[in-house]
Every structure is written in C-alpha cells, then in structure tokens.
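I'd like to ask some things about the structure below.
Chain lettering (A, B, C and D) follows the sequence in which the chains are written, and residue indices restart at 1 in each chain.
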Amino acid sequence: MNISSNPWVWIAALGSIAIFSSMFKDNPFYRAAEHIFVGSGAGYALTQAYRNITIQGWRPMSDDGRFILIIPLILGVLLYTRFFRKIEWMSRWSMSFLIGVGTGIAIYGVYNSQLVAQLRATMVPLFVAGNAAATRDNIILVFGVIAVLLYFLFTVQVKGPVKHATSVGRVLMMITFGVSFGNVVMGRISLLLGVLETVYGKWLGLF
Amino acid sequence: MRREIPIAITLIVGLTMLLSNFVDVPLGSEYSLKSLASELGGWVIIISAFAVGLASVNLVRIHSNHIRRRSSNWIYSVLLLVFLVGWTVMGILEFHNPESEALRTFSQNMFNSILSSLGAAMFALVALYLASAANRAFRVRNLDAAILLGATLIMMLGRAPVGALIWDKFPVMADWMLSVPNNVGQRAIMIGAAIGAFATSLRILLGIERGHLGSE
Amino acid sequence: MTFIVGTRFLLVFSLITGAIIFWRMQAVRTGKHTPQIRHINGLDAIEEAIGRATEMGRPVLFSPGIAGVTDQSAPQTMAAMEILGYTTELIAKYSTELVVSIRTPDLFPIAQEVTRQRFLASGKPEMFKETTVQFFSSDQFAYAAACMGFMKREQVAANIMMGAFWAESLLMAEAGAQAGAIQVAGTANLHQIPFFVAACDYTLIGEELFAGGAYLSQDKVKIGSIAGQDWIKVICLAMLLIGSLTATFNSDFWQHLLTK
Amino acid sequence: MSFLQNMDRRIIYIFMLLLVSIPLIKPLGIPIEINYMTQEVYDMMDSLQPGDRVLFSINYDPTSAPDIHPQAVIVLRHLMQKGVKVAMVTFSASGPNIVEQLILPYEQEGKVYGEDFVNLGFIAGGETAIRNFGRDIIGTAKADYRGANLNSIPMLQDIVDARDFELVYVFHGYNPGVQEWVRQVQGALNINLVAGVVMVSVPEVMPFFTSGQIAGMLQGLRGAAEYELLLGQPGSAVAKMDAQSLGHLVIIFFVIVGNIAFFLEKKNAKK
C-alpha cells in the first residue's frame, strides 16, 4: 500500500467517499460535500457568466464598436428590475426574448431530427427478397411504430382492432424501456469502477 | 401594453430563428436573415449570463437568512457561501491575469478535484441506485412489469461477459433487441414527442400559452 | 429570397401542421367540436400527491428538469411550466408548502413569474415566498445533490419531476423513493423514461408531458391543440405506410421527398 | 418474509460495492467473447502503415471518461507501436488535459511531439466548430495547445481537411460527438470515420453503423477490453470486465430476491 501524498488526490478521494456515504444515511460529511459542491458550482457559473459578458458583450462593443450589443446588455440588466416592484414588468422583455429564441430553435430542431429523420428511417421495404430475417425485422419496425403512435392518440376513442394495436404498442414500449435500462447498467458500472479506481489506486495505492 | 410587448418580442424573435432555417433574405447592408438569427443566438449567451447573477442572488439570500437566523445546519450555509465567493474571486482573478501560471494550475486543480470528482462520484452513484431501483421495481406484478423485467435481464446478460458463459445466445439476442424492438419504441415515442413539442412551441409563439408572462 | 435546399419539405410540413393545429383550436373554441381527452394517470396523481403532502404537513418539491428555455429542450421546460402552474393552484387550494428547484438560471425568473401569478390568481399571494422558487445550482450533479439532500432532510411527501432530465433522473427518483415521497415524473428524454418508470409511482411518457397543460387546465384552445396533434399523428402514420409500401416496390420517391 | 420484501437498500449497496471491488484488486479471469465490431475496428487499425496519419476527436470529459478513456489509451498504444502518427483535437472544454495525459507516456518514452503526435487543443462552438474544423483544419485550429503555429508542426504538413487523414476516430462521451461528425463532415467529405462510444449512447449511434456512415464502432469499456485482448496486452479494461460481470449478477440476484419475496407474500396473503 502506498498512500498518495498529493493533497488534491486526497480532496478528490475524500469528496467521493462523502458523496457515497449519502446512500447509507444523511450525515454531516455528505452535507458538507453537498454544500461545497453547490457553492463551487454556483461560483464557477458566475465566473463563466462574467467571462461571457465581457468577451461576448462588453469588449466587442467597447473595443470593436459593435454597438448593437447594447441591446442584449440592456436586456440582461432589465432582468434585475425584478427587485423593484414598480418596474419589474420590464424583466419580462428579457424573458420573452429568451423564450422566443428557444421556441424558434426547438420547432426546427425537433421536427428535423426527431420527426422527419425518424419517419424517413422507418420507411423500409416490407419485403426483402431472399432475406427472411430482414423482412421480419422491417415488418416489426413499421407496424410497431404505428402501434406505439396509436397509443399516443389522446382525443380519439379507440375501439376494435385499433384498441388491440395500442396494447401491442404498450408492450413494445415496455420492451424498449427494458432494453434501455439493461443497456445502461454496463456504462454506469464503468463509472463506478472509475471512482473506485481513484480511491483504491490513486489515493490508497492498492494497485 | 405590458402584456402585448413581451408577446410581440417572443413572436418576432421566434419567427426570425425559425424562418432562418428555411429561407435566407438579405436585410439591409449588414444583415441577412441567417446572420441576424446567429446574432440573436449570440445574445442569448449574454442575457443568460446576467440570469446567473440573478439566480445567485437568490442562493445567497436564502443561505444568508439561514446564517442570520441561526437555523439548524446554518454552518453548512457558511461553507456554501465561502466556496461560492472563493470560486468567483479566483475565476475573475484568473480571467484578468491570464499570464499567471500559478493561478491557472490552482484553478485547474480545484476544478478537477472538487467539481469534476464530486460530479463523477454522483454519476457513479447511479450504478448503485440502478441496483436498488431494480430490486424494488422489477417485480412481476402484471404483464407490463414482466415484459420490462424480461427485456432488462436479457439485455444485461447480453452485455456482461458472464452472460455468454451462461448461454451463448444472450449477446445475439441483446444485439437484436437493441436494433429492432428498441428502435420501434424509440422512434415512435420520438415522433409523438416531436409533435407535442411543436404544438407547445406554437402556442407559446402565438401568445396562447402565457402563464410565464405573469399578470397584467 | 433564397430557399435553403434540404429544408423545403420541412417548411411545407411545418406550415401544414401549424395550420391543422390552428384549425382544430378554432373548432374547439367555437364549440364545433368537443373532444374528450383520454385518461392520463400521472396527471391525476399530482392532486393525490399534494393531498397527501398536506395531510403529512410536509413540503412538495417540483423539479422542472435541467434544460433551459433557449435550446432544443425548451418545449419540455415550457410544458413543465404549464404543469407547475396547475400544481401551484393545487398548493394554494390545500395550503401546502411548495419548493421549485431550479438548475438553469434562465428559468429562475420564469418559474417565479408562473408561481407568483398562480398564487395571486388563487387569492393567496402571501403564499409566494422567496423560498418558493430556489436556485439550487447550475452544475448538473450539484443540482442533483442539492435536490437529494433537500428531499432527505425535509422528508418531502411529494416529488414532482417534469421536463428534460439526463443522468440525474435516477439519482433524484431513488432519493425521493428513499424519502418515502409519492413521485410523479414526466419527460420526453427517451433514455431517461425507463428510470422514471422503475423508480416513480407515475410517469408521463413523451408526448403525455406536452398534453399535460391542456389536460389539467381543460382550456378549450389547448384541448383543440391536442386534437390537432392527433391529426398530425394520423398524417404521419399515413406517410409511414405509403413510404414503406413504395419502398417495398423499390421506389424511394417518398424518402427523397422528405429531404427536398 | 417482509424482510426480503422490503430489503434494506443498504444491504444491496454494500453487496454491490464489495463484489465489484474484489475483482478490481484481484481479477477472476472470466472469458470475454470478442464482438465482431471490435474485430473490424482492430483489423482496420492493424492495416495502417507506419507514417500514416490518424485524427482523434476527444469528445468526453472526466465525468464520462471511465467508460471511454480506456479505449483511447489502448487504440493509441496500438497506433504508436505501429508507428502511425496521431493528431488529437477536442470539442470538450476539459479535453486538452485528457489529450496531454494520453500522450505523456509516449513523450517520456522518447517519441517526439509534433512528429508522432500533436495536441490541437479545444475548439469551442459545438456542431459548428466540428463542421469548420473538418473542412479547414489549420484555419480553424490555428495553433496547437502548446501555442505553436500549426504550419510549423511537421506531421501536419499538407493537411487541409479531414480527408487528409487515413481515418478519423471519434471518442464519444456526449454530444457534440459522433452524430455531429457524421452530419457535418462525413456526409459532405466522405471520410473514413470510426466511433468509440460510451455504452449508454450505443443505441443512438447504432443506426449510423448499420447504414455504413460509420466504418467501425467500439462499445464502451467492454470494447476497450476486447481490443486489449486482440492486441494481446490485457490491461485495466480487461481487469474491470470481471467487476462488470459481478456487478450485473448482483443486480440480477437482487431482482430475483425481490420477486421471490413478492410471490411468497402473495401466497401468504391468499391463505
């Protein structure tokens, strides 16, 4: 055994152990780690924010004369009108700007990558000559997607065969969830092993 | 007016961002629709940065109140504030003294051994929580649960090397389940969610959904 | 004006589907059509959860996910805000304590606005406090750690998680289960749904999250929008069938159309 | 029985921690089957000639590293042993440090920075950055991580775009990663793209592999373990596979225990 003499390794190892201790019981050690973590996260975010305002907003405006950047700077400052009852409504301008950008980006993004791309990928031939397995898989794919989509109909009363289709859709969703769950286990255990490696290897020097 | 201006801002900004994906229109000598959209995207970084300050004021106020009232566990609030202020000061010093090697090494070490390793430890906890969640949830109460359990077990045995020792078909089954039935559910849920996201965005853009804009 | 190649189908599709939603909203608003939304378990459970929190005298934690309002996940966050509005009304009705935990700073003023307005509308403006909406941390796992610590220490009776979640989903859901909270979750982030299904009492899957606002408010216009969404799904089904059939006969006309 | 039914979660955690720790310190040697995808990637790397140039795109950070970093380590070792030159770029802010860590042992061993490998540093801007970098490598990166002008780096002579590398290997921990490389660079320039992917992202990346846009794919820590075996140099990834197997068995065991308890309870209730 060859315990590390690097104080940073000690901090990392003790911090990890503190986080792990939470699964047994809430304890002072974990609370300290949690609060240090939250404080550090917020401090780091503030630093990044300061950096962003300076590099993206202030300097291009004052050094390069890009005066249009006064608009986002003002919108940013307006957020702080929330502290003053009389003018707090002005902070909604900044909020509605952010929401406008978000919805504009999202409409294109989700339609493009989630709807059209997925529809296209699912338009597969229902019969592949000389390949029974591919034919089977393609049929499962196309009719499976249809069944699950039928499950998501909200305002239509489903009856008869469509009702059966939605049950099949539900079963297929459960399989999907099971597959995702089972598939994730390995990746997450890898991360656990990574932390154990830091504790046993780098800190305690067991290997 | 207090209500109309925000709705108008959302609509105009939203449409600019949206349409810039489809068409490009020259706007005056300096901008086109596309370059305007990317300009607006850049502004978001600046406005969001101001929001960090706003949110941090909330954090600081809540924890200073804990300390002032000496409520239980106030000592942890002290710890939180010390680290918050410490990081901020360190970060700003580093930003204005880019040539300082010592400062950079120190802040990198702080980042690696506090933010990174605490994050990694939290992330690693997921592995343990998977075990307890599986123990509690995967009980064969009904058909749904049975299917969920079956799929999970096959997948796990197909992934871990030990699975192939038990039955050499597990890896093959796992690969098939990943590429066929898994794809079915993934795609259909994604398509449905895309439609839902589209409708929600549309309602916001048109000012039909405006709970976030507060009262008159 | 130049059209950008490769997005023309998407433009037409957006216009048509937008028009469909608008058309259905009008039909429901004017009373021409009165659709019934099917039962969504998870949403009914919110009231049950808040009722229980009231009986036990413990707080309700609402987490609107870790995404903001300026990226592709914005609609999920905004759908969460709709559900938050409804939750706040119930909180006001039962006079229970609500804490909304925030990760993305952008969302902080918005969540404040939503809760304050609903408390006001419910006639209990005094219930909105500085602690109602709390910024926990902008670091993903620091946020999760803070939520977990909060749930354990305050012994929350109800944990409502709506919006876009990533790897922290299971951490938060397990911590909630350990604290004995009733848990209702909803997300459109596919990879996280299995963990919510396993660890929570009720889970809204994908589009159900977006239908939540309409379902809960019973607002006519919003219900019209849900009816419009059903129409779009039927159109997608038809496109899928036609596309697969034409692909079976060696024509990739449809796949190509989608990339025009 | 109610003990089993409401099994204290802490027992599960202790079991899990103990059982994954044991093989870490003393491996058991459970055989590992080689997936055909790993074999393909290995063959592809093995067919490279001394002097060929490969680009690594490091798209992960310390948090996701345990599942993907071992891949970078072993593939780099293979390439270094073959005398292939490797340029590394990253689109994750903490990536440059990871690159320095990767090249450190070879620098100590006497390989030459700038000739055998180079650290192109972090390029901000996500998807757009990947697009620009793929099309104009020197113009986008400008200088390397250690501050040198890229035109002065011997191994980058006559490199213009991503096509000038024999292949591009993307190590994907999260986005931006493989999807962005496929969308922005592979599609346009038709480069030879290999992906190393964290296990969790395998389902998302799989479609690109089946469609042939990605020439090869290595899956998480397990892919690294298989690669170590193919290279005949079993290392940390192989050692961790035993821990993986036990970890999976612990979860399965407790699922079974939960179900036994559940059924016994139901039987008792009926009586």
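Convention: a contact is a pair of C-beta atoms (placed from the backbone, for glycine too) under 8 Å apart; a residue touches a chain by one contact, two chains touch by 3 or more.
What you see is a predicted model, and the numbers here were worked out from it, not measured in a lab.
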Exercise. Centre-to-centre on C-alpha atoms, which chain is most distant from subunit A?
Worked result: D
For this session: Decide which interface, A-B or A-C, involves more C-beta pairs in contact, and give its chain pair.
Result: A-B
For this session: Would you mind checking which chain's mean C-alpha position lies nearest the centre of all protein C-alpha atoms?
Result: A
For this session: Calculate how many whole Å lie between the centre of subunit C and the centre of subunit D, each centre taken as the average of the chain's C-alpha atoms.
Result: 33
For this session: Find the geometric centre of each of subunit B and subunit C from their Cα atoms only, then give the gap between the two centres in Å, rounded to an integer.
Result: 14
For this session: Please compute the C-alpha centroid of subunit A, do the same for subunit B, then give the distance between them in whole Å.
Result: 4
Seminar exercise, completed: Residue numbers in subunit C touching two or more further chains are 7, 10, 14, 68, 70, 74-75, 78, 105-106, 109-110, 113, 135-136, 138-139, 141-142, 145, 153, 190-191, 193, 195, 197-198, 205-207, 211, 226, 229, 233, 236
For this session: Find every residue in subunit B that makes contact with two or more other chains and list them.
Result: 18, 21-22, 44, 47-48, 51-52, 54, 56, 59, 73, 111-112, 115-120, 122-123, 125-130, 132, 134, 136, 138, 148-149, 152-153, 156, 159-160, 178-179, 182-183, 186, 189-193, 195, 197-198, 201-202, 204, 212-214
Problem set entry | Numbers and ranges of subunit A residues touching at least 2 other chains | 19, 22-23, 31, 33-34, 37-38, 40-42, 44-45, 79, 82, 92, 95, 98-99, 101, 103, 105-108, 110-112, 115, 119, 121-122, 145-146, 149, 152, 173, 176-181, 183-186, 188-189, 191-192, 194-195
Problem set entry | Interface residues, subunit B side, partner subunit A - complex | 2, 5-7, 9-18, 21-22, 37, 39-54, 56, 59, 73, 76-77, 79-88, 90-92, 94-95, 109-118, 120-130, 134, 143-144, 147-156, 158-160, 174, 177-195, 197-198, 201-202, 204-205, 212-214
Seminar exercise, completed: The answer for subunit A against subunit C in the complex is residues 19, 22, 26, 30-31, 33-34, 37-38, 40-42, 44-45, 79, 82, 91-92, 95, 98-99, 101-103, 105-112, 115-116, 119-120, 122-127, 138, 142, 145-146, 149-150, 152-157, 173, 176-178, 180-181, 184
Problem set entry | Of subunit D, residues touching subunit A in the complex | 9-10, 13, 17, 20-21, 24-25, 63-67, 198-200, 202-203, 207, 220-222, 236, 240, 243-244, 247-248, 251
Exercise. Touching subunit D in the complex: which residues of subunit B?
Worked result: 108, 111-112, 116-117, 119-120, 123, 127-128, 130-132, 134-136, 138-141, 149, 152-153, 156-157, 159-165, 168, 171, 178-179, 182-183, 186
For this session: Could you please specify the touching residues of subunit C with respect to subunit B in the complex?
Result: 1-4, 7-8, 10-11, 14, 17-18, 21, 25, 68, 70, 74-76, 78-79, 81-82, 85, 102, 105-106, 108-110, 113-114, 116-118, 120-121, 130-131, 133-136, 138-142, 144-145, 153, 167-168, 170-171, 173-174, 177, 188, 190, 193, 195, 197-199, 205-207, 209-211, 213, 221-222, 225-226, 228-229, 232-233, 236
